[in-house]
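Shared between the two complexes below is subunit A, which has subunit B as its partner in the first and subunit C in the second.
Take a look at the complex of A and B:
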């Protein structure tokens, strides 16, 4: 919950900056713009994804969490690193005082990622290696993403670690972040989450293997392109052609696998989180279609493709599942101890599906309009879409707080004490407390 | 290839003293040489053990001895039994639990409904009774709650991986 809470605050902050004019069509490279972009990608999406992995990889691997004591330091380093990086970017706009923050950000982020990896990687190695293979690839991409980001940070500060990397490395940095780390991690987690929420069997070995191989190949080529850029200073066209073909192919294979899970579901009417995940998947398909023009033409095509992937695909998926996950975990936390001892409500009684639908549609609409505005270079329309996104994020944030406070529940059904909204409550029940009322 | 002679283990004295023989059986299994069988003598037919040993890659054959005790021979199916036995966290003595007095088919139910059904069913059961439940997946959120309530559990996926089989012994 603390990861999700921090991520949501960064989301609101980044959208506020964007609404204030930090970014716009073909206007992303000012310091304040880069700060806004990184508050969104690193603060919101990356922290939410790390929090989700730390929470769910033990569940998916059916193993107890490894070194849970590292979670808080990892989160604090992640928050610190994000704030330092965002503040540090202002140095590009001439704020000399914040150069130190710029230099310390990669160090803090290395600590955050390293601690998170220490919690996640041992679980990936024991059993779930075949189930969560995409998450392993995603963590490789995260390491490369950090390295390329750190190289650019020090490069901008005048410390030339990898001279060729700027500005040519920017495209690879973006690819590693959007397609490599965030999308692959989302792929890996979504199979199991979708199967769980749709009551569908997992499996589908052939398609899943195809996704894994194609994704591994794509990531390998991106890394190869990065190395060639360092050594020769240029990425050969043949590599770009391969990526142009592979990126949509990976997405098509993944969508086919999700469609297979969807067809085999035993739950006739999927809940809101899954309906909105379908919209997110449509945005993923759109981003894949834009990938080719983005790689070759850059400019507004690249802006639109990246925006659609970050806002429409990754953020909508995260927001839709976050509502479901927060309500489920809150239910477990509050009502699992009461089962059989007191009447317990249903999980969906903790939520307000109408409010959730309202805010998620606003988010989806904002994403679609924003992408279009970038493609057509319409700054005013883009600004309006950001306003819609901010409003939707505020609404969803309020809805999540309401779920944590059990506000949608009939007051008589609410227990006397509620868990803290964000931080985990210390578990007061000892393992020897076997009190039963029966 | 010479097949080594079976390892003999008589758990009757241990059971007579009221001790759980599970640890002794498992260390005997671990101590088996490649291809070696385990010959177990028990005062009753240890049916729950058959499943556990099958999961570890042993075939079993049993016969009743003239004095009423049972002799079971577990023969390894191949030199490398699969590592999949019971899920981590399972109670080690599960093979000696009584037969389930109640079964729940919880396939196709949306979480946390299976958890609610199981915990409610356990409230009506006497201590020591065993509940069997068939689930779509491993109920990771149920396990801590079972521990808090003093119940023991043992479970694993069916060999085809589509269902999860869970036994719960009601706590005292």
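Take a look at the complex of A and C:
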């Protein structure tokens, strides 16, 4: 919950900066703009994804969490690294005093990612985790993303670790982050979670293997492109052609597998988290269609493709599932000990579907309009779309607090003591709470 | 026909809901076996996924529900994952 709380604060901060004019069509390279972009990608999406992996990889691997004591230092290092990086970017706008923060950010982020990896990787090595192959690829991409980001950060500071990498490596850095780390991690956890939420059989071994192979090949080519850029200073056109074909192919295979799960569901009327995940998947399809023009033409095509992927696909998916995950975890904290002993509400009774739909609709609309505004280079329309996104994020944040406070539940069904909004309540149960004999 | 303790246990478990779907554990196909040996009940149950974070709480809930049946003085509830649960185990409806 603390990961999600921190991520949401970074989301609100990044959108506030964007609404204040930090970014806009063809305007992403100022220090304050880069700060806003990294508050969004690193602070919001990356922290939310790491929190989700720490929470769900043990579930999906059917193993107890590994080294849970590392979660808090990992989160603190992640928050510190994000703040340091965002602050450091302001140095590019002439704020000399913050240069030190720029230099320390990669170190803090290495600590955060390293600690998180120490919790996740051992679970990915057990046999039950073969279904999480995309998460393994995602972590490889995260390592490369960090390396390329650290190289660029030190480049900007005048320390040339990899001289050829900036600015030509920027596209690869973005690809590693959006298509590699964030999207592959989302692919990896979504199969089982979607099947669980839809009450559908997982199966689909052939399609899933195809996704895994195509995704592995794509990531391999991105890494090869990075190495060639370092050694030769240029990415061969043939590699770009391969990526142009592979990126939509991976997405098409993944969407076919999710469509198969959806068709076989036993849940006739899926909940909001899955209905909105479907909209997020449509944005993923759109981003895949824009990938080719983005790779070859760059400029507004690249801006629109990346925006659609970050806001429409990854953020909408995260927000929709966050409502479900927060209500589920809250239910476990409050009501699970009462199972079989007293009447308990259902998980969805903790939510307000109308409020969730209202805010997720606004988010989806903001994402679509913002992407179009970038494609058509319309700064004012883009600013309006950011306002819609900020309003939606505020609404969803309030909704998540309401879920934690059990506000949507009949007052008579609320317990006398509510769980803390962010940090987990200490477990006060003992073996004596559940006597085995009557 | 006399109502057996086994019937009473099954009836009691129909009152324990899966908090996600709202369906009871019997209808979800999560109760694999109910055995009654005198005043002792043994239950084999599963969860919809092996790593389910609620697994132990569901097990304790089933135990509490079974111990609420008159005539049952002790209960052992085992979590089993073979055969694995699939949606095909759900009752129609």
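Criterion: the second predicted complex is superposed on the first by the 429 of 438 C-alpha atoms of A that agree within 3 Å, B and C clash if a C-alpha of one lies under 4 Å from a C-alpha of the other, contacts with A are read in each partner's own complex, and residues count from 1 in each chain.
In this section, a contact is a pair of C-beta atoms (placed from the backbone, for glycine too) under 8 Å apart; a residue touches a chain by one contact, two chains touch by 3 or more.
As the structure is a computational prediction, the values presented were derived from the model and not from experiment.
S.K.: Once subunit A from each complex is brought into register, does subunit C clash with subunit B or fit beside it?
M.R.: Partners clash after overlay.
S.K.: With the two structures laid over each other on chain A, which partner does A:263 touch: subunit B (first), subunit C (second), both, or neither?
M.R.: Neither: A:263 stays clear of subunit B and subunit C.
S.K.: According to the stated criteria, A:347 is in contact with first (subunit B), second (subunit C), both, or neither; which is it?
M.R.: both
S.K.: Should A:337 be classified as contacting the first partner (subunit B), the second (subunit C), both, or neither?
M.R.: In the superposed model, A:337 contacts both subunit B and subunit C.
S.K.: Is it subunit B or subunit C that touches the larger share of residues in subunit A?
M.R.: On the superposition, C touches more of the residues of subunit A.
S.K.: So which positions on subunit A get touched by both subunit B and subunit C?
M.R.: Correct list for subunit A: 58-59, 62-63, 196, 199, 201, 266-267, 328, 331-332, 336-337, 339-340, 344, 347, 434, 436, 438.
S.K.: Going by the contact rule set out above, which residues of subunit B touch subunit A in the complex?
M.R.: 87-89, 108, 110-112, 115-116, 119-120, 122-124, 136-138, 140-141, 145, 147-150, 161-162, 171-172
S.K.: Spell out the residues on subunit C that touch subunit A in their complex, using ranges where they run on.
M.R.: So the residues of subunit C in touch with subunit A come to 16-17, 19-22, 48-54, 57-58, 60-65, 67-68, 72-76, 81, 86-88, 90.
S.K.: In their shared complex, at which residues does subunit A touch subunit B?
M.R.: The contact residues of subunit A facing subunit B are 58-59, 62-64, 196, 199, 201-203, 266-267, 328, 331-332, 336-337, 339-340, 344, 347, 429, 431, 433-434, 436, 438.
S.K.: Report the residues of subunit A in contact with subunit C in the complex, numbered from low to high.
M.R.: Within the complex, subunit A contacts subunit C at residues 58-63, 128, 192, 196-197, 199-201, 264-267, 328, 331-332, 335-341, 344-347, 434, 436-438.
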